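The two complexes that follow have subunit A in common; it is paired with subunit B in the first and with subunit C in the second.
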Partner chain A sequence: MQLIYEKSMPGRTGVRIPLCDVPQAQPFPEALRRKGAAGLPEVSELDLVRHYTNLSRRNFSVDTNFYPLGSCTMKYNAKIAEDAGGLFAQCHPVLALLPGGEKLVQGPLSLVHGLEQQLAEITGMDEVTTQPLAGAHGEMTGIMVIAAYHRARGDNKRKYVIVPDSSHGTNPASAAMAGYQIVTIPTAPYGDMDLDLYRAAMNDEVAAVMMTCPNTLGLFNPHIAEICAIAHEAGALTYYDGANLNAILGKVRPGDVGFDVIHVNLHKTFGTPHGGGGPGSGPVGVKKGLIPYLPTPRVAKKEDGSFGVEAHPEGIGRVSDFFGNFGVMARAYAYITLLGREGLIEVSEQAVLNANYMMARLKEAYDLPFDKTCMHECVFSASRQLKDGVHAIDIAKYLIDRGYHPPTVYFPLNVKEAIMIEPTETESKETMDAFIEVMLEAAKLAQEKPELLHEAPVTMPVGRLDETRAARAQQVCCEQ
Partner chain B sequence: MAKFFTKEHEWVEIEGALATVGISEHAAHELGDITFVELPQVGKSVKQFDTLAGIESVKAASDIYAPLSGKVAQVNSKLEDAPETVNESAEGEGWICKMEGFDAAELGALMDAAAYAEYLKGM
Partner chain C sequence: MGYCPNTPDDIREMLAVIGAASVEELFSPIPAELRAKSFDLPAGMSEFELMRIMRQKAATGGADVTPFIGAGIYDHVIPAAVDHLSGRAEFYTAYTPYQPECSQGTLQALFEYQTAICRLTGMEASNASLYDGGSAVAEAALMSLRITGRNRVVLDASVNPLHREIVRGYLHGLSAEAVEVAPAGCACDLERLMGSIDAECAAVIVQNPNFFGSVTDFSALAEKAHQSGALLIVSCYPIALGLVATPGEMGADIAVGEGQSLGNAPSFGGPYFGFIATRKSYIRNLPGRIVGETVDKQGRRGYVLTLQAREQHIKRHKATSNICSNQSLCALRGLIFCAAIGKKGFSDLARLNYDKAEYAKAVVSRIKGVSVLNCGPTFNEFTVSLGKDAAPVVERLLALGVAAGVPLGGYYPGMEKALVVTVTEKRSKEEIDRLASLLEEALCS
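Entry: the complex of A and B
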C-alpha cells in the first residue's frame, strides 16, 4: 500500500483556502516565515478518503473481531458512551479556569465531580483526582502523593518501594521515576507474593508496597488485608494497582481492605476505547489523610449546590492540563451511570466466569502453571508445544490468520512461553467456543504439522515480521 | 582466573587490576534476541549487586547487577551497534564492562562455574 505522501501530485488540492479579507495589522516577522512549502501531501479529497478508508479496513479492532489480549481488558465499548463523549466536544476546557467562567461550564464540572464520587464509591476511597492521563501516569501520581505525605510528616528516611514480581511492569518503573529504589519480592509456588520474604523486607525505610490485585497471573491474593496491616505497622503506605479492577467490581473495595491509594484505568474497566496508545485516563483515589496532597486544582461542590474550581495549595501540583482526558471521563461517567451498582456487579461476575470457562476448556491442551480458580484472565504456557518446536509466538501468529487478535504472549515474565487470555464480560459463549476450537486446532497442529504454525500468518498483507531486526535497525524516518 | 557467577546470571572474571563483567550464556539464551545494551558510564561506582547496566531483548527488559563493588573502567562499546554479540558470545566477545578498584574477597558471595551449573539445574 502506498503512503499518502507517495500519492501526492504537485498542485493537487482538496480545499481552496480563501484569501484573507481582513487587513493585516502587522506583517508576520520575516524570521518566523517558512522558507519553502510545508511538505504536506497534495491530494484530492477523494484520494484522502480512499486512503484512510482503506487503511481502516486493514485495522483490527474490537468492533470487528474478538480481542482477548490479556492484561488489557479489551471489552466492547458501548456506542451510547461514545455519544456521551462527543457531547462536550465544543466546550473549551479553559473556560472553567477563567474569571466568571465557572457558571458557563456547570455541566462539565458536575461531571468531573460526579465521576470522582462514583469512583470513590466503587473503590472505597475518600477522594479521587481525574487528572492522570493513563494508568502509569496514575501510578506515578499516586507514588508522588505518598512521597508528599511522608515528607510532610518529616519522615525522610523512607527510600524503598516494595513491588512483587507479579505486579504490572509499570509499578517499579513509576516508583523509580518518583525517586524510590525498588525491592522486588518473588512469587511463591502458591502463585502470590512470598509473604515471608515480604515480611522480612518491610521496615521503617519502606515508603509503600504496590500490589496489583488480581495479579498478572489473574490470581486474587487472599493475603491483601494482612499485607496492608504489615505495611501500616511499619508506617508504610499501601498502593493498589486497579488496572485489573474489572475482576472485582462491586465485590471488593480496596479501600475497605486497607489500601491507601488506588489508580483505576477508565480505558480498561470503564468501557472507553483504547489500544494504539490512547487516549487513556488513570484517576487516582486516596484515603482521608492523603487528600491534601492530591494534584491541584480540585472541582468542588459549593454550598449553593453549584460547582467551582479550587486551588489545592498543599498538593503535588498539576499532573495534566485542565482536568484530565475529559472525553474519556465523559464516556466512563456514562458507562457507570448506565450500568449502576447491579450492572457493575454483573460485569465482574461475567468477566470472571468467562475467564474460568476459557481456562477449564483449554487446560487439556495447554499447560496451566498455576492451576487455581482465576479471576478475569488466565495464563497458559506453551511449554508442552515447545517440545515440538512450537513457541507461543507461533500460536499467536496462527490466531491472526484465523481472525483473532492474539492473546498477550511472553508476559507475565515469570511464566515461560506465557499465553495470557482475557475474554472480558462482553463476549458470548459462542464467540469463546469458536476461539477455543481454534486454540485446540493450534495445539493439534503443533504436534502434527508444526511447520504450518512457523509459517503463519499467511493471509495478511505482510507475513511474519522480523521483530528482532525491527528493534535493532530502527529506521523511523520516511525517505523523501 | 576463572569465572564466577551471580544468582541473577552475571559473570565476572578477574585479570590483574581489572574484572570483566557480562551475562551468562544461560541468561542470553533465556532473553532471546538482544536488541539493546544500556552500557554503564565509565567512572560509575557501584556496590555489589546494585544495578550496573540494562539489557533489552524482543521479550523483556532487565537490569544487569554488579557482581562486585567497584568502579567502571571500560565498557564494550561494540555492543552499541552490535548487541547481538551478547547472543553470539555472552561469556566472551559479548562482555559488558570492566571494573577496577574491587575487592576479590567479594567473590565469596558468588558461585564458581560448577556451582552455577548446579544452580541452573535447580531452576
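Entry: the complex of A and C
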C-alpha cells in the first residue's frame, strides 16, 4: 500500500482551520522562521479516511481476531469504558495547578483518588500513585522509590537488584535505569526461581528483589512469602511486577504476602485498550514505610471531603507531568466500578480456567516443560516440532494464515522455542476450541508437510519480512 | 459480569477435560496462608449507573473554563477524522506489532508518523514515540550521556519546570548531574549557556519557544556545543514548527517534545506522546521502538520493528532504555492530525496562533500596569508582568470562568507578578477581549 506521502498532491487541502478574526500581526522575524513548509501530506479528507481505514484493515486486533498473546492480557475492552473515558477530553490538567483551580477539577481529582483507593484494596498496598505512564515506567518509579528509602536511612551500600531469569526484560532494564547492578537467578527444575541460589545471593548489598507472580511460565510460586522474608531479613525490599495480576484478583494480594512495592498494568488487568502498543498506565502501590518517597504531587482528600493537589517534598520528584495517563485511568476506574468485587473475582477464575483448558487440550501435541496447574497462561515448547525442522515462529506464522494472532513466542527466554498462550477470561470455549483445532493441525503439519509452515503466512498483504535488511538499511522515514 | 462468556455447561465440560472438580481447585497451587486477607470493593453496576457517576465527575472537570493556559499542554482544534480513524478498533485494540505480517496497519502508520516527526523537526531519524514530553527530554539527556560517555548536562532553566524535574529524577539514579542555567529575564542566557559547556558536558538542553514563550535562534549554541564534543538537545512545540526555524536548521543533535498538541485532547494530563528525533548516525542510541522499511521474499514493501537489539526484551539491563511500549495510538492521532491539516494548513495554523497571540499581547499590554516581559519574538505564548502578585488575579478570573494564564511565582521565585498567557487558534477575538477587560477590572479596581 502507498504511503500517505505518496498519495499527496501539491495544492490539495484537507480540513479547514478557523478563520482569522484578529488583525494580522507584523510578520514573524525572517531570521527565526523555518525555511519552507514542512513536507506534510496534501490530501483531501476522503483520501485521508480511505487511507487510514484501509491501513487499519491490515491489523489483527482483539475486536476482530482471537489474540492469545501471552503476558499481554489481550482481553476484550468494554465499549462503555471508552464512553466514560472520553467524557474528560476537554479537562485541562494545568487548571489543577492554578491558584483556586482545584475546586474546578474536583471530578477528575476524585477519580484519581478513587482509582488509587481501588488499586490499594485490590493489591493490599497502603497507597498508590497513578503517575507512571506504563508498566516499565512503573517499575522504574518503584525502584526509584526503593532507592530513596534506602538512601533516607543512610543505607548506601546497596547496589544490586535481584531478578529471576524468567522475568520480563523490563525488570532488569528498569532497575539499571534507577542505577542498580543486576543479579540474575536461574529457574530451578520445578519452574520457579531457584530458592537456594537466591538465598545465597541475598545480602546487605541487595536493594530489592523483583518478582512476577504468577511468573512468566504462568506458575504460582508457593515460596513467595519465604522469598519476601529472606529479603526483609537482609534489609532488602520486595518488588511485585503486576503484569500477571489478572490471575489472582481477589485470591492473593501481593501486599498481604510481603511485597513492599507493586506496579499494576491498567492496560492488561483492567481492560483498557492496548492501542497498538500504548498508551498504557502503570500505577505503583507501596507499603506505609515507603509512602514518603512516592512521586510528587499527590492527590489528597481533605477534611471537608474535597480533593486537593499536594506537594510531596520527600518524594522522588515527578515521573510524569501531571497525574498519569488520565484517560487510561478513567477507563480502568470505569471497568473496576462496573465489575465490582464479584466481577473481578470472576475475571481471575475464568482466566485461569481458560488457560488450564488450553493447556490440557494442547499438551499431547506440544511439549509442556512444566506440567502442573497453571494460572492465567501456559507455556509450551515447540521442541518436539523442531525435530521436524519446524520452529515456534513457523507455527506462529501459520496461525496468522488461519486468522489468529499468534501467542507470544520465544519468551520467556528460559524455555526453548517457547509458545506462551494467554486466552484471557473474555474468550469463549468455542473460540478456544477452534483455535486448539488449528494448533493441533499445525502440529500434524509439522510432521507431514513442514514446508507449508515454513512458507506461512501466505494470506497477508506481505509475507515474512526481511528483518536483517531493515536493520542494515535503517530506512526509518520516507525520503522527501 | 466480567465479560466472561462461558456458560455453566461450558465450565463443567472444561473442568472435566482438565480433570479438576471445581474452578477453585485450579487455585490450589496457592497455599492457604497466602490467600487475600481482604477484597473489600463495592458490588458491580450496570452501564447506565456507571455513566451517571462518570458524568457527574466529568461535569466538575473544568471543561467549561476558557483556557489561556498552556505550560506544555495546548488547547488546539482536533479534526473530526482524528477521532474517527484512530478509534478504528483494528488500531485501538491491537497490541505492539511483534508479528509484522498481521500488523502492517500499525507499522506503516508508525513509519508515516516517524516521517512526519522528521519533516516537522528537520531531523533524520525518529523513533515510534515515547511516553510524554517530560520523559522524552529525560530520555534525550540519557541518550547524550551514552553518545558522549560524559556525565553532566547543562539544562537551561527556561525549559518547562515540570520537565526539568523529571530530567533531574532520571539523572539522579545514574549519578549524573544536571547543571541549570538561569535565564536572563524571559530569554535564554546564551552567553552563560555557552560558558557552561566544558569537556565534561554531554549536552545542552534548551526549549523553543521556552517556558516564557520566547523564541530563540540556537545555531551559535549548537556550534559551541559541537566544538566541545557536546550535543544540543532542543525541546520543541510541534505547532510552532509550522512557523519557527526547526531544531534541524539550528544544528540540534536531538529534537524532542510533547506531542499532545498534535491531535490529542488535554484529557486531564494524558495520554499524550513524546517525540524524539536525531541524526541518522545516532540512531542506535535512540530509546524505544523504531519502525523500518524492508521487503518480503517476493519483494513486496513492508514495515517491521527494527534495531530491536537495543531494547530491553533482548538486551535486558544493557538496553538503551527500559521502555517497552510507545504511545502508539496517541502517535497515530498525531499523524492523522498532520495529514488532515496538511502541508499548507499546518503553516496557516501556526501563523494563526501567532496572529492571535500578538493581538492578545497588544490588548493585554495596553492595560495600565501591565507590561510584556519577553524582549524578543514569541509564538503563541507570552509573559506579562501584572504589576502586582499574579496568583490572586488568576484566582479571581478563574471564578469567572477564565484561566488567564500560568502565574510564574511557584516556578520562578521572584517572578510573582509574572503571568504566562497562551493563545491558540481556538481563542476567539471576543474571548481575548473579555480576558483583557477582566484583567483590567481585576488590576484597576
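Operating definition for what follows: the second predicted complex is superposed on the first by the 466 of 480 C-alpha atoms of A that agree within 3 Å, B and C clash if a C-alpha of one lies under 4 Å from a C-alpha of the other, contacts with A are read in each partner's own complex, and residues count from 1 in each chain.
Keep this in mind: a contact is a pair of C-beta atoms (placed from the backbone, for glycine too) under 8 Å apart; a residue touches a chain by one contact, two chains touch by 3 or more.
These numbers were taken from a predicted model, which means no experiment stands behind them.
Q: Report for A:V22: first if it touches subunit B alone, second if subunit C alone, otherwise both or neither.
A: Only subunit C is touched by A:V22; subunit B is not.
Q: Return first, second, both or neither, reflecting whether A:R384 touches subunit B, subunit C, both chains, or no partner chain.
A: After superposing on A, A:R384 lies clear of both subunit B and subunit C.
Q: Quick one: classify A:K301 as touching subunit B (first), subunit C (second), both or neither.
A: neither
Q: Touch test for A:H454: subunit B only (first), subunit C only (second), both, or neither?
A: neither
Q: By residue count, is subunit A touched more by subunit B or by subunit C?
A: C
Q: Give one of first, second, both or neither to describe whether A:R402 is in contact with subunit B, with subunit C, with both, or with none.
A: A:R402 sits against neither subunit B nor subunit C.
Q: Counting only touches as set out at the top, which of subunit B and subunit C does A:P279 meet: first, second, both, neither?
A: second
Q: Residue overlap on subunit A between the subunit B contact set and the subunit C contact set?
A: Overlap of subunit B and subunit C footprints on subunit A: residues 467, 471.
Q: Enumerate the contact residues on subunit A facing subunit B in the complex.
A: Going by the criterion above, the answer is residues 410, 413, 467-468, 471-472.
Q: Per the contact definition, I'd like the list of subunit B residues that touch subunit A in the complex.
A: 33, 35-36, 56, 58-60, 83-84
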